[in-house]
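After this come two complexes, each holding chain A, first together with chain B and then together with chain C.
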Partner chain A sequence: MEPVIFEERADQIHRKGSAPFQIACNKESLAGAVSQRACVFCGSRVVLYPIADALHLVHGPIGCAAYTWDIRGALSSGPELHRLSFSTDLQEKDVIFGGEEKLYRALVELIDRHHPEAAFVYSTCIVGIIGDDLAGVCKKVSEEKGIPVIPVQSEGFKGNKRAGYNAACQAMFQLVGTGSTEGISPYSVNILGDFNLAGEIWIIQDYFRRIGIEVVANITGDGRVADIRRAHGAALNVVQCSGATMDLAKMMQERYGTPFVRVSYFGVEDMAESLYEVARFFKAPEIMSRTQNLVREELAVLYPQLQQYRRALRGKKAAIYVGGAFKAFSLIKAFRLLEMQVVLVGSQTGTTEDYRELAEICDDGTIIVDDTNPLELSSFLQEQEVDIFVGGVKERPIAYKLGVGFCDHNHERKEPLEGFVGMLNFAKEVYTSVMSPVWRFLPRHQQALVQGAAPVAEGSKS
Partner chain B sequence: MSSLRPARKNAKPAPVPYVSTTNACKLCTPLGACLAFRGVEGAIPFLHGSQGCATYMRRYIISHFREPMDIASSSLGEKHAIYGGGPNLKQGLLNVLCKYNPQLITVATTCLTETIGDDVPRFVKEFQQEYAARGDATPLPPIVMVSSPSYQGTHMEGFHRAVRALVDQLAQAPASTAAVNLLPGLVSPADIRYLKEILGDFGLAGIILPDISETLDGPQEATYSKIPAGGTPLAQIAAMGGSQATIECGATLKGQDTAGQLLADRFGVKLFRIGLAIGLRETDLLFSLLEMLSGRETPRSHALERGRLLDAMVDGHKYVFGKRAVVYGEEDLVVGLTAFLAEIGVRPVLCASGGNTGRLKAAIAAVTADLLPEFPEVRGGVDFHDIAEEAQNLAPDLLIGHSKGYHLAKRWQIPLIRVGFPIHDRFGGQRLLHLGYRGAQQLLDRIINAILAKKQADSPIGYGYL
Partner chain C sequence: MLLRHTTAEIIERTALTVNPAKTCQPIGAMYAALGIHRCLPHSHGSQGCCAYHRSTLTRHYKEPVMAGTSSFTEGASVFGGQANLVQAIHNMFTIYEPDVIAVHTTCLSETIGDDIPQIIAKARDEGKIPPGKYVIHANTPSYVGSHVTGFANMVKAMVDYFATTEGRKEHRLNLIPGYVEPADMEELKRIVGELGIATIMFPDTSNVLNTPQTGRYAMYPPGGVKVADLQRLGTSVGTVALGRLASGSAARALDTKCKVPCEILDLPIGLKATDRFIDTLRQIAGVSVPDSLNLDRGRLLDVITDMHQYFFGRKVALAGDPDQLISLTEFLVDIDMWPIYIVTGTPGKKFESRIRELTKEVPYPVKVQAGGDMFLLHQWIKQEPVDLLIGNTYMKYISRDEDIPMVRFGFPILDRLGHVYFPTVGYRGGLRLLEQILDALLDRQDRDAPEESFELVM
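Now for the complex of A and B:
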């Protein structure tokens, strides 16, 4: 068989134990390699999308808006404006004569119709090329309508998803600091980098409430413009998903002196440690003791329920390919808790530091990969004889065609995987896939399915 | 519950010329091109543009078909957008060639590369020359190109342009054959399998382009295929110019420069253009064509299916008569569905599409003229915001279309009969049958059962017989 790894990509793959750690990453995707990555626009869109009372207008031809219409299960407890897909649907004549007039009229029309608290206007590939003055139009509409109208510089080709995260953070930073911070508790946080998929941020909010901490702004799951405007009043930024909102945390630290901590809500260990870290920050004994109680209570419920899954899954092999590397750490720990072995781990946008840390916690023989593609994934999954693959929609058919179980840990999940209860849901989902009887019938497993049928009566004909 | 259903009003509001689009009822041009290209044997679709386009379209298509859908990309970055995407295109082609070993590479452009003015045919020509100069042992497969900027038309224009490009760039000077070219349009893998069965039963050698019956609905296999098996063989595409006739499906293709038209103009292949064979009479038209081209009568198994369909139409007529339906989706699909609804006594009240060929109304009139007491509202180039506003006054009982109209079904608490592409909220979209007597039968069953299910659910009595 031809090697599936491109020469140019060989340095983006590391096998733990085979050589000293070294990996190349944060590069442009290789042309023709069928990267699983998206683009700058995608990065901005996923971060800002859950802000539910803002208008999200995509300035460009229809595709960018169509493919991001309500694609994530980012839930809102109130308004649901984010679930609509707005576009200027640029046509050829707009490309030739410019799209500013259309953008202006579309913005006015949509703001009049929906009365949003703010509007985000996303730039797509061709907007920069045709030279539309996005900022100028936004400023004009903002003055006329009296709401923030914020350009998001998210031209698809101007980097990868990380650049899009940065553009989103720049856009949100224009809101931060414009609201009143009156009445905010000294024991308060902003939740950054949680997108409330399947209602996950509500689980986390509930934990914070139980330990006596006020949440000022959700950034951005179940997010509201007014909350983000007063986010600088919070005592601490609690940042999950290092790539997506870290830039905002850094900008807030620089301008408003808001410190931040990095956390993860996936898996028992990381979830507990996240709460402890926040509790330690506030140096209030009652918060710490409430946190200890909370963790104890949750574990007392969780552990007995986990046992049956653990028994069934012990020793099975898992592969992980996710967008951001932070999630991979938690997943490795979660699989450890289930006594499973991680044999492949990778991400679309990890940094050298991320991969180095991953290599440190992985077993020898584990493949670590940056910005991979279907050919490599299919080859690795076969080589490592994986039982379950954790990824997103684009990875699912690869697993299934290979007769490998799959767990969707991406934006389309409908069961919460964060928090203590999320660990249970995760175990259940892994179990549901790995233990299914369907795998044994697949041609890959090369088993004779049935014995030849024997007659029950011999009969008399020869 | 029923109060949620929009009431019928007589006053029709003045149409508002919207500028913005809300919840589009269409997809972008290159997506259609990629779907068509996936239906060629050994082909790998390739998008010349930024990485996101390929990834978004892959995700969208995978969610419907539940199959791998590799689309390569030239992954343009900022400097390429400024200095031109030629080098990346060439590198991408070379990489795809090395790793996928394709029989064909199909390059579709995107809005970015069209706007920066990349001359793809020139880049490809240069690539072919440079490759020849390398003296590599592996021969270069053909490369088919199509211009598909997303600011021109919808995914259907992309689809038809891609099919035309395949024929334009691959069909050769022909030896005459008795084969029949069948250009089915964008239909499901199940539809294509059924069309093959029909052609086979008539004893006709058919060339179906594109053929996604296996490539986008493949079996489990012992090994992983980089490019799924199936698809129209290249040799068959090359031979299309020699076929006795082309049947091109699409009621709104009238007057267009399509693959069928090209085969007629360049090779003198007789062109028959019919709508998608949905419902009784549109299917009759297809079968009468096949009778003529094959010189055979409709095989008994198909005549029986027609007979059973008629029998079912009688058995079910009272359940559906007078029900008011909103139909949306691709224009040709909408025409076919509307024809069938009219045949069974459902009242199409709004026929809508994001496509905007300007030919939708005439095409609907042609298939429903003698059946409908009142002509439906017909709207091309609309989004779901427009559809909702329009339907608000039409008191629909049913929605018929793809998954993206579900929010309206939920709001109005009426059934949505899922057809076409994409089906993102149900299982088995790739196996939905729309065409022919068999497809009509399944559609009829599904429509009636949706009505019965709602009636049963809404009733406090709990009838066990309906």
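Now for the complex of A and C:
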């Protein structure tokens, strides 16, 4: 099958080793392309909604609230207000006469009923067009109710998901610095860019606890408003994920002088390095030695268990297509630990710098893509004879139709993939899918069966 | 308690929807468009809309769902989306090679006032639409109606764009299946096949969103109604439309445009609604009901007989779409259950009066709300619990909090697999519903039974 590529997209694809590195990215998607990307609102919503004791009100027609109702399983150890779906459900008359009054009534009613610690009000495409004064309404309600009511400028058309991350960070930044920093340890951090899917932030919090570091605020997985308000009291921001919360870290550095480090909790190398980096920052020998002990203990448990998967998966081929490029780095390293080969890597929102770094750590022949689409993806998957594809919800059935294994490393992961235990879970998930007997029943393998080239499944046609 | 925030006391809400029992028009239009063979749906709006619809459809059907988007930016929102749409049409025909592009609007493009027919005309004038290819459109503002409205609008667009009066009348019926699942559409085709009636069914998502594993990825699966058939709609002798809300407007448009008389019926869910469906087909086509369908009917009746002792007086709460809920309520009343709370997010007063009429013999106060939401339903349940919930996946929050068994039915189902392959329409669909309902009730009875009254035979 010939790779299917839009002419206009040719410069968004790079084959390592074929030419000097060059890739175009951060472009607006081609109109008509079946892009896997989402919008500004989506970016803001996924970042903010894990703050569990805040009210999240979507000001717009029903769809925006319906599709993001409990969208990605961000878990909370306490309040669950974030898992409800609140919408002003704008109707035609609101579009004509404006929705401010309705928004005001909705906010007042919700705040009176649920007594949230703060409220986030999301703007949608239509609100941007009809020109409701979101900030004005929020200010008024905030004064009346005595809690922060924060507008999120997330009109869908104002860019891609990245712009949504920025709007979310702007919104959270209004909270930061409004709480007391009394009693915060000098050895303290905020966890940024973890959304507590499958309880992952609890694993990371536990590591920090074990090395003697206080976590002030989770931003935003299992997040609390009061914690974010005092986040400026932490000594360090530990930022995961390429885009989501980086802007907040930068704003906090500028205003409060809080330094930040970029980390990744995926894969053994990156997880260990993340902890070491934090330990190095604090320049306290006891923290460093506790970190060394923690890594040693965890690895002693992990490596023996990993062996069986590594043996089985050695030499298999993997393809990666994720939202942010940062995650791709960790995944490449994780696959390398399993002695697997990464033949395709791409992201929805990577920057030139991201892709250059990716190209550096990839093997020759690896395909690097920005903002791809299903046709391209499927042709690459076939061309490269991939065994496992790591992607998100829209990619899973494409992989399955091609008879390729799949691992959701996005909203739909149900086992924690972060931390040392996450590496084991990841290996297990990859193994489960790659080694499934179901692929033996695929037509092309059935042919191989006839020739006696593959093991015969119990009860399968021969 | 996920929904610990729900209060039992009912508060009058005027500005707010909490935990919706509907979603917006475009997704229904996208689903309908997938029921045309080699059609690429196109969302004329921001990228997010398209991504959400594709994700939700993918999560429900576990199938690849393809659709293009105009990828609106700030510029397009100020100056209009014409340039984006013309370019999108060109790009899609060039690279994805669909036979049809079905454009639906969004709240954004509706509000800025994009004139889609004019844009399509411009694309045609500029030679962006290859010969023998088509671009159709439906207006689907998200702030009017619900996903069901969007579905209805796109089905009507199929009539508006393709149906003609050219050609001789042929002894054939048009069948509009309603906003039902691919397996339902397949079952409807089987039923008309058993009756020996030639039909054109539109839309038809069977073998589009329930395709087999072939080891190949096909951008356009084999299913879907063909354009050539849509062009012959006007020459059929009659139309049978299932579900007033989802199919009524297309059926009436076809009547007006091509003088094809229509019968608009309830969705054939349950015994009586299926009887009416088959009887109508029989009369219009002048055929007799074959033994095979009588056998199916007899079996359904037999199972209702076997099960009737378990159903009496069991209270049920339902949430979903109006066409489905009307037939389901009738079916539940017929098997002696008491559907006492019925909520749809889709607005419409007729729905409430129809439900009242269907439940007038239920010896218990019945609450019904169109334009309601799951929060309201939950409040009703908190005031007076029920024995069973029937609804989409979002109902599982209530099911868990109130510890009430639940049957998944409707759209979307995001947490179970396989449902796409089993119809709930027709006599056979009725059997499946009965099995699911009784399983839910008896599984609960087994779970809760003290050891001394835990029974082998039930």
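Brief remarks follow.
Throughout what follows, the second predicted complex is superposed on the first by the 441 of 462 C-alpha atoms of A that agree within 3 Å, B and C clash if a C-alpha of one lies under 4 Å from a C-alpha of the other, contacts with A are read in each partner's own complex, and residues count from 1 in each chain.
To be clear about the criterion, a contact is a pair of C-beta atoms (placed from the backbone, for glycine too) under 8 Å apart; a residue touches a chain by one contact, two chains touch by 3 or more.
Small disclaimer: the values here were computed from a predicted structure and weren't measured.
In the model built by aligning both structures on chain A, chain B clashes with chain C.
Once chain A of one complex is fitted onto chain A of the other, the partner contacts of A:Val40 extend to both chain B and chain C. In the superposition on chain A, contact is made by A:Leu81 with chain C only, not with chain B.
Residues 4, 6, 28-42, 60-69, 84-92, 94-95, 102, 105-106, 109-110, 124-126, 128-130, 156-160, 374-375, 378, 393-394, 396-398, 400-403, 442-444 of chain A are contacted both by chain B in one complex and by chain C in the other. Considering their complex, residues 4, 6, 8, 28-42, 60-69, 80-81, 83-92, 94-95, 101-106, 109-110, 113-114, 124-126, 128-130, 156-160, 374-375, 378, 393-394, 396-398, 400-403, 442-444 of chain A touch chain C. Of all residues in chain C, only 1-5, 7, 11, 13-20, 22-27, 40, 42, 45-56, 58-59, 62-74, 76-77, 84-85, 87-92, 95-96, 106-108, 111-112, 141-144, 146, 211, 213-219, 345, 375, 394, 397 touch chain A in the complex they form. Listed in rising order, the residues of chain A touching chain B in the complex are 2, 4, 6, 28-42, 57, 60-69, 84-92, 94-95, 102, 105-107, 109-110, 124-126, 128-130, 156-160, 374-375, 378, 382, 392-394, 396-398, 400-403, 442-444, 446.
Remark: chain B residues 18-24, 26-28, 30-31, 46, 49-60, 62-63, 66-78, 80-81, 88-89, 91-96, 98-101, 110-112, 115-116, 149-152, 154, 218, 220-226, 404 touch chain A in the complex.
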